[in-house]
Amino acid sequence: MRVQPGRSAGRFAEATDGLLERLNNSTAVDLRLWPHDLVGSRVHARMLRAVGLLSADDLAAIERGLEAVEAEFAAGSFALQPADEDVHMAVERRLTELIGEPARRLHTGRSRNDQVMVDSLLWLRDDLDRTVQDLAHLAGLLLERAEHALEVPMPLYTHYQPAQVGSVGFWLVSHAAAACRQLRRATDLAARLDECPLGAGAVGGGDLPLDRALTAHQLGFARPSPNALYATASRSDLLDAVALFASIGVDLSRLGEELVLFTSPAYGFLRLPDRLCTGSSLLPHKRNPDGAELLRSGGKLAAGEFAALASVTSGLLGGYSKDLQHDKALLFAASDRTHDLIALAALHVAGVELVPDRLAEACAPALAALYLADRLVLSGMSFREAHHVVGQAARVADETGTTVQGALAGVVPPALVTLAAELATARTPDLLAGLRTAGSASPESCRQQIVELRSRIALA
Amino acid sequence: MRVQPGRSAGRFAEATDGLLERLNNSTAVDLRLWPHDLVGSRVHARMLRAVGLLSADDLAAIERGLEAVEAEFAAGSFALQPADEDVHMAVERRLTELIGEPARRLHTGRSRNDQVMVDSLLWLRDDLDRTVQDLAHLAGLLLERAEHALEVPMPLYTHYQPAQVGSVGFWLVSHAAAACRQLRRATDLAARLDECPLGAGAVGGGDLPLDRALTAHQLGFARPSPNALYATASRSDLLDAVALFASIGVDLSRLGEELVLFTSPAYGFLRLPDRLCTGSSLLPHKRNPDGAELLRSGGKLAAGEFAALASVTSGLLGGYSKDLQHDKALLFAASDRTHDLIALAALHVAGVELVPDRLAEACAPALAALYLADRLVLSGMSFREAHHVVGQAARVADETGTTVQGALAGVVPPALVTLAAELATARTPDLLAGLRTAGSASPESCRQQIVELRSRIALA
Amino acid sequence: MRVQPGRSAGRFAEATDGLLERLNNSTAVDLRLWPHDLVGSRVHARMLRAVGLLSADDLAAIERGLEAVEAEFAAGSFALQPADEDVHMAVERRLTELIGEPARRLHTGRSRNDQVMVDSLLWLRDDLDRTVQDLAHLAGLLLERAEHALEVPMPLYTHYQPAQVGSVGFWLVSHAAAACRQLRRATDLAARLDECPLGAGAVGGGDLPLDRALTAHQLGFARPSPNALYATASRSDLLDAVALFASIGVDLSRLGEELVLFTSPAYGFLRLPDRLCTGSSLLPHKRNPDGAELLRSGGKLAAGEFAALASVTSGLLGGYSKDLQHDKALLFAASDRTHDLIALAALHVAGVELVPDRLAEACAPALAALYLADRLVLSGMSFREAHHVVGQAARVADETGTTVQGALAGVVPPALVTLAAELATARTPDLLAGLRTAGSASPESCRQQIVELRSRIALA
Amino acid sequence: MRVQPGRSAGRFAEATDGLLERLNNSTAVDLRLWPHDLVGSRVHARMLRAVGLLSADDLAAIERGLEAVEAEFAAGSFALQPADEDVHMAVERRLTELIGEPARRLHTGRSRNDQVMVDSLLWLRDDLDRTVQDLAHLAGLLLERAEHALEVPMPLYTHYQPAQVGSVGFWLVSHAAAACRQLRRATDLAARLDECPLGAGAVGGGDLPLDRALTAHQLGFARPSPNALYATASRSDLLDAVALFASIGVDLSRLGEELVLFTSPAYGFLRLPDRLCTGSSLLPHKRNPDGAELLRSGGKLAAGEFAALASVTSGLLGGYSKDLQHDKALLFAASDRTHDLIALAALHVAGVELVPDRLAEACAPALAALYLADRLVLSGMSFREAHHVVGQAARVADETGTTVQGALAGVVPPALVTLAAELATARTPDLLAGLRTAGSASPESCRQQIVELRSRIALA
């Protein structure tokens, strides 16, 4: 019978069926946890030594062995064996080959159930760091480009209809604001990962005098997790991470749609350089925005992973069940994709070129409507009346092919005809500069927004 | 043509189609926002007065009118009209009926796009408060019952197989730990709701000299949201809330499965009082745990709402689109259900009765395995060898119908036969009390866990 | 103790807790099943009579009673009682009030588990009929409008980039093809609903000599469901229906996006009449395509219901569990929305107006690329070379502001200069009429498509 | 500049960015389509020859080349190049290397948009065949084991509570019924794949005189797809397939839960042989049902893929967009997992051992309740009264520790005391054999069910 370190050879009379062994084997997914598995094992061994469950010699052998294993992983020379059912067993198997007996003492007071959770949390901590950096980089890039486009007018849309005049810079800042918000979520989540599961054992703790606080502190956690059953059975922190990735995905998906639309001939506001375009196998003239489309669509996928992870972790009895094994495949898929998508977004933000003529042209006269209504309000008219009057002007403008500004004089009460005539000269830069509320699209407000968001990035 | 306050009568030549009007109408969903809409309107009006856009008389009229509207809502006498397309329009329509002209000045500098977001965030802030209270109540109840069940043995399960000895108290504490973790998430999320969208306007801010910081502070936010486009278009805070509800649901779903199983004859650990049972229409003997089943299943539903909300908010251009209207139906469904499920969980935790005999009986001898292995480790054997030896004993015990303890002497090396004989007397209370790690199932550790979790609840 | 027909008063010593009773009560959702519950009960009673389990007098009383109940429902005068936990119990309770003793014999040989399934399948059969009709109506409308727009040119898009010349008619036919495909799915699904669960009892059949084949035939099924456990526990037919609704939703969501874009100023191909537009509370000039947006977004929601239904019906033991109760809320939500969305789509298809100038203008010269490449192929050039040559011409056209046709002569091999010069005169109608493959956008092909799809509608 | 066959070298002045190229590259996912891509290309080339667009020599060269490519794939020696962005381009690139010029004529009249759809449908047709076979094999195995277990009593559960007496055979038949239903769905879906997209071109058909009917027939389709836009843009058939896999997953997930529970000590009805068990790294006595857990959890995952696929294919304009590229990764993941899970289910069905003592023991007296009530009904009592009386007996039995049968005499009306006394002797085999309805758990009925289901398998 082939040795299977994951199960006691004493307990079983026949080997695991091949299909089950294959499906049960998670190394293809969890091998990436090796750095975290090694650091967890090192700290665990030191704690075992500190409480007298390991001799100094055994610890020395284990530390030497773990270094050798690390070197193999780092060099890409670590050789997986078919019977290595997960990264933890692979590491222990190799350690045993390298140092013999002392390796058989490493799993003292530890179960794979707490081990996999500590590995996962250590991995997630690193991954959230990377996420914060990625988001900060993207936000920084957005703000940098925004800074040079604060006076490039651009229609702002609601309901996919031009609503008012904004600027390319304001639009870019809105995506930086989104990235900064996600960055804050990532930071909050990382801060919550402050409880160390290692030492919780299989489900209910153990009989050995472990010092879990020592383990926790050496691994950078604030404290051991308070309840061994919850520590080994819950995947809610991982679900949080998938929710975060799904939320980032939603933001990027919107950026993707905007890039797809704004680079299409219908809008024509932006142009992708050739390096961000792909071609068509049949249609020779095509310059396709595949990257922007992947941003739009890729950002939708993590919601499916959220639904799947919630489903497999629901309705389960007690401590660890094999069902939970799916957590990592779902989490890693969402994470990998998110890092790629943020990088893809950054690539587009950096590379896309503005087409100022098309932008200016699209800031059509109707976009003055809010401006006109607000001017009427400042002259004392109630907002609802102003709204009605300007609405009429818009309809007249539509029907007669003139501008709202131009049509206004014909629909205002006599007392306001002079004001209306004055407003008829309102032009796009006036409209943009006339914005006065905090957070608005005016260049002045946008400059303040950039300062504010940069300070948030700096704090992250 | 019937008046439709949501659209400028000046702009349109015919009324909205009936089907579209029905589908576009969201009052059935958003009417619950009335308290938040009223407070938002009151603060907005005061701010308009502070910056000189409203006369003192108009403000007085508006405040009087809003009070009257509030009284109607509170009394249940507010009469919706068919043309009230959402709560915001219903309030403004009624206000106009009550006070006339000044009401037409209230919407100055405000769009439904920022208004609906501030209403939603105010609602969510309240709802998270309620969620925190609900969770604190549930956790408190769990700890209270746990306190009296720390020495009632209960098997702990991994893979749905008995793994080691724990206690009913430890199990209950694990659910309190889950509730405390969700409570922390809810608190983090509420703390992030510190930016006020009101005054962001339709999408890009406005031309009037609003004081958004004043509005923000009076509504209890730390500051205005920094970018008007992001403030009106993003639903990521609401998505966060749905993720939170889905995560709470996963925890409750697991409690539900446990209650269903533990109250079933196969386990028989718990008994539901008649008031928590339902019957069968055909099978007269049945006592069905419908409540526990609803906990298990209801907890799975919010993941579908998460997927739906992520999908509808993805891939959209720019500012507000009607697509976003679905946010509230999804959010409110998830929230309502979650409050019900937490209450249902509390009802079961408070009402369920223990069946100590069945619990004791289930703490079968095989549950001593970890204890035995750890004793061998303390005698100097390596963990892997101890694991192998006890595994053999378990197999012998299975095959011969004896206990693992009893079988141990036959499989240990000669030097350990005396120790093995001594261990053969290990009984359930020994096993439980022998647990020594922080977070373990021992009564002593559980008492510390209860203290720790109570301090977390007190802080919330 | 208040009487609760759903549970044996003999079995329980106290009433159900109020919260549990509220959550357990499904009448708000399942009351719409009353017509199916009544027909099922009538057929069940007749079968009981046929096998001698009911006297002729009792059957007569039951039939009279059911008619009276039906009349109450039809008149809207049926009075629900708080203790009516579902539609089945409400009907039986009322029947008992009306006819007394014989009503107590109606549930003989029947459980709510088989009853709710037969009601659900009867409802679904009706609902699929309605779905088929709705889809046929929509498809018919699409084809009718298409017929009059086969020669109105319109760009066809891939990657949101203009790809080749098509027509408004061809575009409309593509949506009719989608509707016809869904219609076929609906028909297939309805045909699979040919097994009658009634008489399967609670989970394993019963001891009474029921004639399930008689019941099945009288209710329009081909046969009784073969296995009582599967018949009462599976919800896979309902899941199929939700999948169908989600799939229809995807199609309509795409139509919604197209309507949103094509009616936006950026495209300007279509114009919504005022009755299909809504306005803005702040921006007086806006004409928002809320209906089209609701089509786009509403079509995404049923996927969440699919995920939720799959999740709650997964991982359950044996026969009916209360978890399954969620099936109807999810199914009905998906169905109701789908019927509304199909009607909304039809409303838009019927009402939208074409803007031929903008359409023609958008059929820009680059759209000749495929045509040019194919002409070069017909002259003997390999397709890849033609693709390369026309690609070059497109780039030159881009850089010099000319047309691809015009640029072609400059890049073809000398032997083809004459052909290129001839092709330089290709105009939009040539391109459209030049399409020759089956299923293509040429008017001739579209006419055949219309004939073909109409024959499919006629068969449905 | 490196050659990129997917885009016209003539069109672009710089190479695609590395990150975009990596994300755009789908060979890791779609390489498995090579057999379908080759057969599609062969048929396409023959059709081009038939309509005179290819010379006999060129066709001969292409056919020879495709055979060589096929041999390379079959031998595992096909060498992917970094610039091969998908399987289609890889095949064409290699073909060009092998045969030169004629290869450049193969893509005549074909786009990747129709090519990828025909490849996908050909693949799906094969995969549905395999699914049907897998399901037939599983159902056959279930029926075979069922046949030998028709008289092994087993409690049937509703609400996870024992409801009535059934048999292991009846339970197994219920899963065979589920598999047969899925088999029918798979067959229906396969039958709907009767329209061939090849020749639809990029989005609107082409200018060349292709014979799409010839292509369709040679590829085994009934006809060409009717509308080129719909044919290239819709993924609803693939969504159907994912829905099917999700539905199969729900069934298997339930089987998984049952195997987990029935092999747990709490139930103890079944025992897994060692080859279907895994062990614990910490707890030496554990025999974990990892395979059954993977069945339960794996079956939940495809619903996430359904939600993701619906989301990415929703809300898109017109023809092919890059967003659709995600279809195959989602479909293949769902398919691969489903095949594995069906095999895993078969492995467990074949290997699991019955524990008749525990099964018999669990068929506790209370399970006679339905039997008793039905006997009272046959004696003339109304069902509701019988239900009440037996409910009382069950309560008395609970309180006094006797059986329902035994308690019955104490609660029936005097006239029925004799009957009650007679019923007191009812034993499990009586209860089982006494079932009389079609589809019930009686051995006789189960034998008919087996015959019926076998005939369905034979037809598939």
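Going in written order, the chains are labelled A, B, C and D, and every chain counts its residues from 1.
The rule we apply is simple: a contact is a pair of C-beta atoms (placed from the backbone, for glycine too) under 8 Å apart; a residue touches a chain by one contact, two chains touch by 3 or more.
This one's a predicted model, so the numbers in the text were calculated from it and none came from an experiment.
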{"item": "Interface copy of B-D among C-D, A-C or A-D, judged by whether over half of the contact pairs recur", "value": "A-C"}
{"item": "Selected pair, greater C-beta contact count between A-C and A-B", "value": "A-B"}
{"item": "Whole-Å gap separating chain A and chain B, where each centre is the average of the chain's CA atoms", "value": "22"}
{"item": "Chain centre separation in whole Å, for chain C relative to chain A (CA means)", "value": "34"}
{"item": "Residue numbers of chain D (touch at least two other chains)", "value": "8, 10-13, 107, 113, 158-160, 163-164, 201-202, 261, 279-290, 293, 296-297, 300, 303-304, 306-307, 310-311, 314-315, 321-322, 370, 387-391, 393-394"}
{"item": "Contact set on chain A toward chain C in their complex", "value": "158-164, 260-261, 264-267, 279-290, 293, 304, 307, 310-311, 314-315, 362, 364, 366, 369-370, 373, 386-391, 393-394, 397, 404"}
{"item": "Chain B-touching residues of chain C, taken from the complex the two chains share", "value": "4-8, 10-17, 19-20, 23-24, 85, 88-89, 107, 110-113, 115, 201-202, 273-291, 293-294, 296-298, 300-301, 303-309, 311-312, 321-326, 330, 340, 343-344, 347, 351"}
